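Labels run A, B, C and D following the written order; every chain starts at residue 1.
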Amino acid sequence: MTSFPLSRRLVSEALGTGLLVTAVVGSGIMAHRLTTDIALALLANTLPTGAILVVLIIVLGPISGAHFNPVVSLVFTLRRELTAMSALGYIVAQTLGGIAGTLLAHAMFELPLLQASTTIRSGGAQWLAEVTATFGLVFAILAGLRFRADAVSWLVGLYITAAYWFTASTSFANPAVAIARSLTNTFAGIRPVDLPGFIVAEILGAVLALMLANWLLMEVRNPQTLSETEAIP
Amino acid sequence: MTSFPLSRRLVSEALGTGLLVTAVVGSGIMAHRLTTDIALALLANTLPTGAILVVLIIVLGPISGAHFNPVVSLVFTLRRELTAMSALGYIVAQTLGGIAGTLLAHAMFELPLLQASTTIRSGGAQWLAEVTATFGLVFAILAGLRFRADAVSWLVGLYITAAYWFTASTSFANPAVAIARSLTNTFAGIRPVDLPGFIVAEILGAVLALMLANWLLMEVRNPQTLSETEAIP
Amino acid sequence: MTSFPLSRRLVSEALGTGLLVTAVVGSGIMAHRLTTDIALALLANTLPTGAILVVLIIVLGPISGAHFNPVVSLVFTLRRELTAMSALGYIVAQTLGGIAGTLLAHAMFELPLLQASTTIRSGGAQWLAEVTATFGLVFAILAGLRFRADAVSWLVGLYITAAYWFTASTSFANPAVAIARSLTNTFAGIRPVDLPGFIVAEILGAVLALMLANWLLMEVRNPQTLSETEAIP
Amino acid sequence: MTSFPLSRRLVSEALGTGLLVTAVVGSGIMAHRLTTDIALALLANTLPTGAILVVLIIVLGPISGAHFNPVVSLVFTLRRELTAMSALGYIVAQTLGGIAGTLLAHAMFELPLLQASTTIRSGGAQWLAEVTATFGLVFAILAGLRFRADAVSWLVGLYITAAYWFTASTSFANPAVAIARSLTNTFAGIRPVDLPGFIVAEILGAVLALMLANWLLMEVRNPQTLSETEAIP
């Protein structure tokens, strides 16, 4: 929890989620316009997303924690590090900021501001991918905070860079970003009707990560005794 | 503000802006010669630009602050961290260094040294892109200096890597670099007649970032009181 | 050696190796589906692998050491920093985790869960490549632990990013990952019958690296005397 | 200057230069086999080279300084930080190590071990590119050592990643690597007859960088007085 007043924390969450969505949607549009090779377009969508995440988390993290993601705020609420009221504010700010990010990308690329995506992303395999993606993201954040808090920005940026490719859904892993991406009928879009499946999967992945982290990262009570049992005689 | 004499600071600004422009223009020429895929060419333009920014800011930052950008010098002048006279010197050094960088790239690639770009980059969407690009750059610098001064080189390199793709203008975000790029009729060029629109947009983005930073990053007076109100009862 | 109980260390090794394999196999499938250019597919396989390695080593290293690789566990056993019993547990956990990682990738991409690879990877040149790849990996880890323990995650991620390209085998360098990759008939696969040659080569490379490191990294007894002899008169 | 005995320092230089050349030549072969797009091949040559440089400098730097480059050893000799005798040993070790690196790459990719390149790299523009490339490399090293010694590995890796693209010669910037690359008739080769021009240009670039660094990085005697003159009244 930071010491900044809530008003500025909410602006930080809206600004960060907004720029993140602008990066995701905007780089998708740019890439898709410049090449017919879909792998290259995805690469040109991946690298800016990973890069901007590192930047946004470093510069806004000290203000609001740089969640930019409702399931991350949910996890911190379950850990009692955020009040329910603040979490609600965070989630609203993230969602509104994300939508503004889509509008900004559309404006910069001279596209209709309001769109609805027609890209189908649904079915069990996609949902499994979102569970996996969000599980890994939230676990990386929680373990990173435990062991190397100064490196969390890099962990998130690198994790998303990887997960774009190894999850079949290209790793949305974020309900606010998913909602914002449902409003663009471009490379990074998702049909509005497919949102509920994604969001449920993302919440599930986050809760699984929290449960694993609670056990795996638990403080060790008698470290010396334990390490002695391991010593080579 | 550094303790190096102004003469060396000006050489540092000229050298840094020059090598930055050589990287932008040179990698654009190289990429465009080697492929017909424009997205791949832009990627091969993006990565060297981001990489050289990290290097130049680390090695020249301690000498001159590594602005390499008139709007960054403007912002530090408005913050009263640079005198108007020094700022003027910085901007002249950046502009001359940038132009020399274009000439060096042309010489290395056996192109006519003096050229004028014919690449049209104009209109409201492009200007909005430049406002956005420069806003994000300047905000990242100011927030980075506030929270993680040792990481500013990475912030700038990663931010530009992302902004190349998510802004429709490929993120010039720098009047000195824009002027230098108006003198090359290659991949990275911009028509001289389009310069004023870009420069005005860049100044606007920078000033907006400064205004937001002044409020968002302001010191918190009673941090303990604030964090108590957030505590879970 | 960490102070975490063995049960959690084994889960950490299984989880880390599993996600590593999911990243390798999953990004290979995604890349191969999206492009016909094999170099681009390999690049889209390389970057996620390197990125996830940095993440996994940072977040799981404090728990289990983040070996994720039987030959790394072997080397630490030979250095007497891991008991033979723990090493056995590690290797079993890595292998089972790796196989689970392949299954997860198949499930996410709607492929048959159980497959056997038909990709031939055999012969002296391939084995030399695996000796080289594993030698470099293990040497980087041992020297990194000696000089910059905080950077080992980056060393491994960057080393594998490079070795994917400069070794003719694309640098498996890991028997548990090789076994897991023998169970997928996709981009990243290897025929089960080719496993023994790879595994022997990987063990050989690891032992060579350990021998070199024992000599090259050995503590210097009288550093001052030695550096005096080097001083310019 | 390190405290390691000269024998180990020479092995470190040979090993590091060897693996660097294996990375350059091997990734060039791999890339050229997998794609017909030359820009993509160069990208797949660039990223492994940059990545392995970071690794090699971190793990071998504490032993030998991680020059891997005769002109770097020359510069440290001119700065009287290395004796002429040690420098001679370094340069021999770098050259022999580099040649061994080419042979290893050929062996891994099942190519004739001994080859002579037929790739023409000559003329004033190429030499200017090599002067520029080596100037930037050596200046980055010297300024990095002065201001952020812990980051030199990243500076070199990122600088070379950029210079591959912005110099018309793809930035050899290293006589030992150039000699080793003259012995491979693959993507990364250079005709033996073109070596002298490259080597002279590289020495010139290095000496220019040393001269600039001697002035630009010189200690500031009365920093307080200077910074007072800059203060806003």
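Definition applied: a residue touches a chain if its C-beta (ideal position, glycine included) is under 8 Å from a C-beta of that chain, and two chains touch if they have at least 3 such contacts.
Nothing here was measured: the structure is a model prediction, and the numbers come from that model.
Undergrad: In terms of touching chains, how many steps apart are chain C and chain D, taking the shortest path?
TA: Steps on the shortest route: 1.
Undergrad: Can you tell me which chain lies farthest from chain B, using the average of the Cα atoms as each chain's centre?
TA: Relative to chain B, the chain with the farthest C-alpha centre is C.
Undergrad: So if I superpose chain A on chain C by CA, what angle comes out, to the nearest 5°?
TA: The superposition gives an angle of 90 degrees.
Undergrad: Approximately how many whole Å separate the CA-defined centres of chain B and chain D?
TA: 27
Undergrad: Just the number, please: Cα centre separation of chain B and chain C in whole Å.
TA: 39
Undergrad: At least two other chains touched by the same residue of chain C: list those residues.
TA: Answer for chain C, listing residues that touch two or more other chains: 37, 40, 43.
Undergrad: Check the chains against each other and report every pair that touches.
TA: A-B, A-C, B-D, C-D
Undergrad: Taking the touch rule as given, give the residues of chain C at its contact with chain D in the complex, in rising order.
TA: Of all residues in chain C, those touching chain D are 37-40, 42-43, 46, 50, 125, 128-129, 132, 136, 139-140, 143-144, 146-148, 151, 154-155, 158-159, 161-169, 212, 215-217, 220, 223-224, 226-227, 230-232.
Undergrad: Which chain C residues qualify as touching chain A in the complex?
TA: Touching chain A from chain C are residues 1-6, 8, 11-12, 15, 19, 22-27, 30-31, 34-35, 37, 40-41, 43-45, 47-49, 51-52, 54-55, 58-63, 80, 82-83, 86, 104-105, 107-110, 157.
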